[in-house]
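Here come two complexes built around chain A, the first alongside chain B, the second alongside chain C.
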Partner chain A sequence: MNILETKNLKKSFGGVHAISDLSISFAKGKLTSVIGPNGSGKTTLVNVLTGMHAITGGAVVVGGKSFHAIRPESLPRLGITRTFQDVRLFEQMTVADNIMVALTARGPLAALLERGSADREERVKAVLEKIGLWEKRRELAYNLSYGQRKLVEIGRVLAMDVDIVLLDEPFAGLFKEMVRVIVGIIGELKAAGKTVLLIEHNMELIRELSDHVIVMDAGGLLAKGKPDEVLARRDVIEAYLGE
Partner chain B sequence: MRLMKTSESYIFPYVDIVPQLIANSVIAGAIYALIALGFNLIYGTTKFFNLAHGAVAACGAYTVFAILKIFALPVNVVVTCVIGAVVAGSIGYGLDKFVYLPLRKRKASNMVLMVASLGAFTAIQAVIAILFTSQFQALESSGGVSGSVEVYGAIITHTQVVIIACGLAIMAVLGLVAKYTLFGKAVSAIKDDEEVARMVGIDTNKIIGRVFFIGSAIAGVAGILIGFDTGIEPTMGMNLLLKGTIASIIGGVGSLYGGFLGAFVLGFAENFGIWKISGEWKDAIAFVVLIIFLLIRPEGIVKK
Partner chain C sequence: MEYLIHLAVMSSIYAILGMSLNLVVGYAGLLSVTHAAFYGVGAYAVGILTVSRGYGFFEATAIGMVCAAAAAWFIGIVSGKFKGDYYALVSFGFNIIVFSIFLNVQSVTRGPLGIPGIPKPELFGTAIRTNAQFLILSIVFALLTYAISQWIVKSSFGRALKGIREDEDALRVFGYDTARYKRIIFMIAAMLAAVAGSLFASYISYIDPSTFSLNESIFILSLVILGGLANVNGSVFGAIVFILLPEILRFVGFPPDIAAQMRQVAYGAILVLLMLYRPQGMFGEYKL
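For the complex of A and B:
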């Protein structure tokens, strides 16, 4: 069953077509990697799926419901969250508050009156312990190392506990040890039945983690299928490596 | 400088004026702080200079004037002040809802938003002048606290004591809300990255609307207190806006604590600056301080 689909999706910036007539789907509970050369439209796809870019044409289907426009603030309700290629945290907030704020989807009046409940604080603690940053909970996000910042972003994903997780190059620029930590967390997300869309360039990790692979080129679909089959295709290798 | 000797120590001449200068500085600082707090709260979340802020402060004062003097309603003065603050807050909320939010949705630049706020400022000021005339009016005799206290030789009126108390209390409450409530965390998140804040489920437009209400209500309180202290006129908003903006810039634009600190720095600079010269120089001193900060520390006292 497909939990997330695009139907004839188009995204243009002026006269530049970043995504052209793209129809792809993501199976529920599976990890699908989206690969392709730089500029093939992978990050634009994630930006469109999360409402950060307006849809030019076509539709996004979430859980069977079709959308021609997505509001970013509706993402938790739709059960979607994401990470960013360039980590985006709330820099002037503490590590704990970066996680806490992801638990706060609510009405404004309740928001004005309520304090962080004990339950919410427990959830923050559980997330920070999982990503190994409990000791850093009072540190401003601004002061963290690059790897720690990546972990906080993953922690935010865990805290939101939604069904569809879009990870935009989560391993970029990380040491091996940190890569294994994030691989472990992604494994847990899969085990918990989450649907994961992974944008990644490391073929080893793609083979290790993916159930399906989608290859994009020039804003369109080039190939899709099982990792070994897709990655062995001549046209994919040519598009990816420019051979 | 000539020194004179007292039984206790060598001190500067005219030393008896120092307590009064300190008191005046603190009073001015508290007023500027009330304007700067609301201004910075709004700037922090929207990233544009809301020039209508000064006119909104005047709305609070004129609401109290209308209730107590024009209609002479038998309403308790404290309740009247609360109504004035709510009216100012509602006008700020309305400006966001009907002017700034539609512009933000059309991806208007911060410059466009600032120009729109200048238009709102002018319109509000004109409406006040039409409704209440351009004459200077006093609120003092309409039920405000009267009398004065002497603190180390400085005379401070009861209204001024209320001004100082309100400045400190509102700063404290805002600080607690920012630190301990989820609303405060949502506001901080919007300040840092509005797009990601939306993505984690914060309805940023609603939160910003409420920030406008709170910031404008605080401005309304400032306008009301000035009304009781010195009086009101339709153009009072401009001076308040300028001083609040200068306080915000020298303290750190968008920073709650920065605006508060900047307000008192400005208050002290202005009042000690005119120690030996005419009070007419006060505004000039404020702008000299502003230019010095813009040249030396443009990010303000509280650096992010």
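For the complex of A and C:
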């Protein structure tokens, strides 16, 4: 069953067609990697799926419901969360508060009346221990190293605890040890039945983690299927080598 | 003694203005330069309603708060379409518009003539007559503002405001309707500024448009930056320093008339020095 789909999706920036006529789908509970050369539209896809860019044409289907516009603030209700390729933390807030925003009341009135709670503190602690940053909980986010910052993004995803997780190059620029930490966490997300969209360039990791692979090229679909089949295709290899 | 009480009353009025503006600028990160307009709405509500319409101080204050909230709601809808420098520019514009209304709708505001003879508040049938009594009233309002501000910034709402300041679009992804948050905090801050205006009008007993110009908004913003963005105590500190500054200048030996002129220079110099050496202000945690 497909929990997330795009139907003839289009996204243009002025004259640039970042996504053109893209119809793809993501199976519930599976990890689907989206790969493709630089500039092929992967990040744009995630931005459109999360309402950060308006849809130019076509539709996004979430859980069978079709959308022509998505409001970012409705994402938790749709069961979707994401990370950012360019790491977007709340810089001048503590590491703990960066996680906490994923756990507190969203409605302004409820938020005004809500104070700290032991239960939420516990959940923040659990997340920070999982990503190994409990010691850093009182640090401002901008004092963290690049790798730690990427981990905080993963931590927010864990705290959101929704069904569909969109990860935009979570491993990029990380040392091996941190890559293994995040691989472990992604494994747990899969075990918990989450649907994961993973954007990644490293072929080994793609083979290791993916149930399905979607290859994008110039904003369109080049290939899709099982990792071994797709990654062995001539046109896919050429698209990557040709850049 | 009488003069010390005067300084204390003015300090508490500016503390209210500073704390409320800090919610918008320091916490939500919206560089608003409209605060004097809401200050003026509160002052004119009391001026107009108590002098010629027979309302009591507290009723007029409540009406002023509602008017300020309504103005903030409207201004918030328009300025919500802008970010960063553009937001500041648009808020400039709104202060100028409101100022022109005070100046030009003479049938209601008496324009440049101002409104004299604004009565002192009456509480339980007795008028607050002396400045010492008025000081108690203004400190009570300042403490209320302090409590409200602390309540807000320590709640989940306060954390969300900081998230808006840091990365509004990212915060939306986590389910926050940031436009509503911004509108609400802007309205709360405007209502508190209106209270400061009510106190000012009744205390000085005369108002005219000149008090509520763009300059005044910049003055309030400066004291917030001096005390520290996103720090409630800092705004109280900033208000006291800025009110006492002319006295300090006199104390260090400037003749009174020169001290008065030096004041503006000193405010400006403080702002420039802060930006150069301590952009987070005295007690702030957050840099612009």
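As a working rule, the second predicted complex is superposed on the first by the 241 of 243 C-alpha atoms of A that agree within 3 Å, B and C clash if a C-alpha of one lies under 4 Å from a C-alpha of the other, contacts with A are read in each partner's own complex, and residues count from 1 in each chain.
Going forward, contacts are C-beta pairs under 8 Å (C-beta built on N, C-alpha and C of every residue); 3 or more make two chains touch, one makes a residue touch a chain.
Just so we're clear, the structure is a prediction, and the values are computed from it rather than from any experiment.
Should the superposition on chain A be reported as showing a clash between chain B and chain C, or a fit?
Once both complexes are aligned on chain A, chain B and chain C clash.
Between chain B (first) and chain C (second), which, if any, makes contact with A:R180: first, second, both or neither?
After superposing on A, A:R180 lies clear of both chain B and chain C.
Could you tell me if A:D97 is touching chain B, chain C, both of them or neither one (first, second, both, neither)?
both
For A:R156, select first, second, both or neither according to whether it touches chain B, chain C, the two together, or no partner.
So A:R156 meets both chain B and chain C here.
If you stack the two complexes on chain A, which partner ends up touching A:E73: first (chain B), second (chain C), both, or neither?
A:E73: touches chain B and chain C.
So in the superposed three-chain picture, is A:K226 touching just chain B, just chain C, both, or none of them (first/second/both/neither)?
In the superposed model, A:K226 contacts neither chain B nor chain C.
Which chain A residues lie in the overlap of the chain B contact set and the chain C contact set?
50-52, 71-73, 75-77, 81-82, 84, 88-93, 97, 100-102, 104-106, 108, 111-115, 156, 160
Under the touch definition given earlier, write down the residues of chain C that touch chain A in their complex.
Chain C reaches chain A through residues 151-152, 154-157, 159-160, 162-163, 165-167, 169-178, 180-181, 184, 285-287.
Using the touch definition from the top, list the residues of chain A that touch chain B in their complex.
Against chain B, chain A makes touches at 50-52, 71-73, 75-77, 81-82, 84, 88-93, 97, 100-102, 104-106, 108, 111-116, 156, 160.
Okay, in this complex, where on chain B does chain A touch?
For this pair, the touching residues of chain B are 177, 180-183, 185-186, 188-189, 191-193, 195-204, 206-207, 210, 304.
Going by the contact rule at the top, pick out the chain A residues touching chain C in the complex.
50-52, 71-77, 81-82, 84, 88-93, 97, 100-102, 104-108, 110-115, 156, 160
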